[in-house]
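Chains here go by letter, A, B, C and D, matching the order in which they are written, and residues are numbered from 1 within each.
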């Protein structure tokens, strides 16, 4: 059961208006080819859940520049003035989330949890409009889980079943996003025969991956 | 900064009445030597947080047989009739926790979360006396975080700084417990020079480990 | 064919290619023996592995690779290992396609009790509550009666495993599907009549006009 | 010695052997240059590594190993890599000994504002809120004033990063410790008087009878 799919076909499954989680951190560990193909196919009105939007015209920044993004949930947009401009102009609806809360909200979506109880953001603008709960005399924000229609993931190595391994800081949000979307499309630096990734080095298990695309053409 | 400590000295730090998390699953991946040394030093009135109590007189079952345990938080005691007998006799106060909830409660303790919002246990005896919360129209139990004074961990490999790697199903509760205790004592199958465990295979980072003991004498 | 074989063979038919499946200890583990040809299923063991399979031969057991009962096991190529947190993230997060568990009681609401008998058996729920609450599909594999007494009741009197309605109940006599309207009798075993199933069941059964016979491989 | 060097050198004195430390981008990263001899510190980068160190030479950068700004970095022997969830588990779970961050404003309650200027600068908080809420020790490293205007105020008027009271504020003029009673002036820089610090500070400072001078290596 190989999961390898032609990139055009894999990305064609994503409709306009879809909610996408996209792995990566300032463009490191981002699914470069999948992003390029989304832009090439002219997808629009996307909701993107990602740590950041990289730099102008780079990685997720390409989707911003292409005007493909309607809504963004991210922790940091400081290094991409185009995102900030579109936000101020009202072209993109941006929800800024503390990075640790973002990671935990995605995790909650993937782990079947009802939400995240966190001290981060209590008493700040981040808390506005949110439930709080007291546990053992301390107040926590209730942050809701995040899920997506698709997760676009970047891995170092995959096997044909879709088991994935990651490398150093290119790991970041990829493993957790692979658990929090209805359909997972992974891009891998290399695809190796089944059995070549030692079980202890499988960080995303094959059963959650739907489609696999090689990084090089 | 080697963390290697003589086993007698490491275990001597644990006072009577302490709360201990102990890794392992039916004795697989348990810190065998640390348990033996606890029994040898005659520690008593312990609170143990662990998945199970293995079998009679085996691994954590040794602590049960020695009468060292006052309170137990576990998901399963079915294969150790001695634990069940001490529970029914009132010698041990046992809190039974669904296994996934146990893992998440320990994780919450290590991750600074205020609790776990889970559907597991809603409407069952597990829910008695607990807060519930509604998120997006669905009801979840609020399960409180677990922390311990000490975590006794078993690893496959360690380096002298205390970076740890695990093997297959001997992993289980060890990595998460290593994050949820004030003091972490790890027992490793082998201790290798610093730099020999590739960074991507470090599953418990050295900074959370306080003492390191070799498995063989 | 004995009771357990009937149940295991029938449950095996419910598994689909590529499914992630968790089998409870005891009867459910027999299901592995009767997988239809050409179906590849990934078995999860909740102690931290996907791709578990029986030991190929004696003498190749390793301390660090066991099933949830602590018994040595082996793995297929393409297996993955992980910690308990990730294991239950898969179970509770909707990633597990099918869980097959034993049962003490199932009732008209399709609710399952399978983890304790107050005052008698207090093993702890292990992963059962998580599995029933979190799996996409919950199949209960159990004998229809215990010492002659029905196990499919109007209302469970043992503590529930979950309030979630299970998806299918397979016994040596019948296949029953819990629905919002009640328990629907889907199939009867070869040589068993609808009347015999009804007589062995305390709960009210919804009986369609035609109830097919379970089809099992020899 | 320029302002930034004074601040970085003084902050470096706060780090202890074996500490896990996170440095914010900009001024705080200068701290790495002035670690006292014999002190081994583990630097965390929140994008997923402990044991970060500067690139030893040009030409050895790798795409998959960068700091939180996306700039190639390198690691010491004994480093560990992990995903964003684990990274913030370390930050929020009380495992991070020290975080050093820049600041826009600090007030008498010891609260920090450092992540946005409404209508002007909306970069997003990144990990700042998690770091200030979760680290064992929070050190703010910033210039004492901005274009002549005090940054240490009675009350922050920019959005707070956290309601948590920070542990130390280090500027080119002074070292200030927020306490329950208010801001205590711990040290003044070489050549700076208590009166100059008070004049450059809007907040009320608690001034002990003797205020020692910052001791910095040459």
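Just so we're on the same page, a residue touches a chain if its C-beta (ideal position, glycine included) is under 8 Å from a C-beta of that chain, and two chains touch if they have at least 3 such contacts.
None of these values were measured; they are calculated from a predicted model.
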| note | Touching subunit A and subunit C alike are B
| B-D versus A-D: which has more C-beta pairs touching? | A-D
| query | With chain centres defined as C-alpha means, what is the inter-centre distance between subunit C and subunit D in Å? | reply | 55
| Taking each chain's centre as its mean C-alpha position, how far apart are subunit A and subunit B in Å? | 32
| Between subunit A and subunit D, what's the gap in Å when you average each chain's C-alpha atoms? | 29
| note | Taking each chain's centre as the mean of its CA atoms, subunit B sits from subunit D at a distance in Å of 35
| request: Scan subunit C for residues touching two or more other chains and write them down. | output: 49, 81-82, 88, 92, 134
| Could you say which residues in subunit B touch two or more other chains, in rising order? | 104, 107, 111-113, 118-119, 166-168, 171, 199-200
| What are all the touching pairs of chains? | A-B, A-C, A-D, B-C, B-D
| note | The residues of subunit A that touch subunit D in their complex are 25-29, 51-52, 54-55, 74-79, 84, 87-88, 96, 98-101, 103-104, 107, 118-126, 156, 166-176, 203
| In their shared complex, at which residues does subunit C touch subunit A? | 17-18, 20, 40, 42, 49-51, 75, 77-82, 88-90, 92-95, 134
| Of all residues in subunit A, which touch subunit B in the complex? | 104, 108, 111-119, 131, 133, 135-136, 138, 140, 142, 144-145, 165-168, 171, 199-201
| Any idea which subunit B residues touch subunit D in the complex? | 1, 107, 109-113, 159, 161, 163, 179, 194-195, 199-200, 202, 205-208
| Which residues of subunit C touch subunit B in the complex? | 45-49, 62-66, 68-70, 81-85, 87-88, 91-92, 121-130, 133-134, 159-163
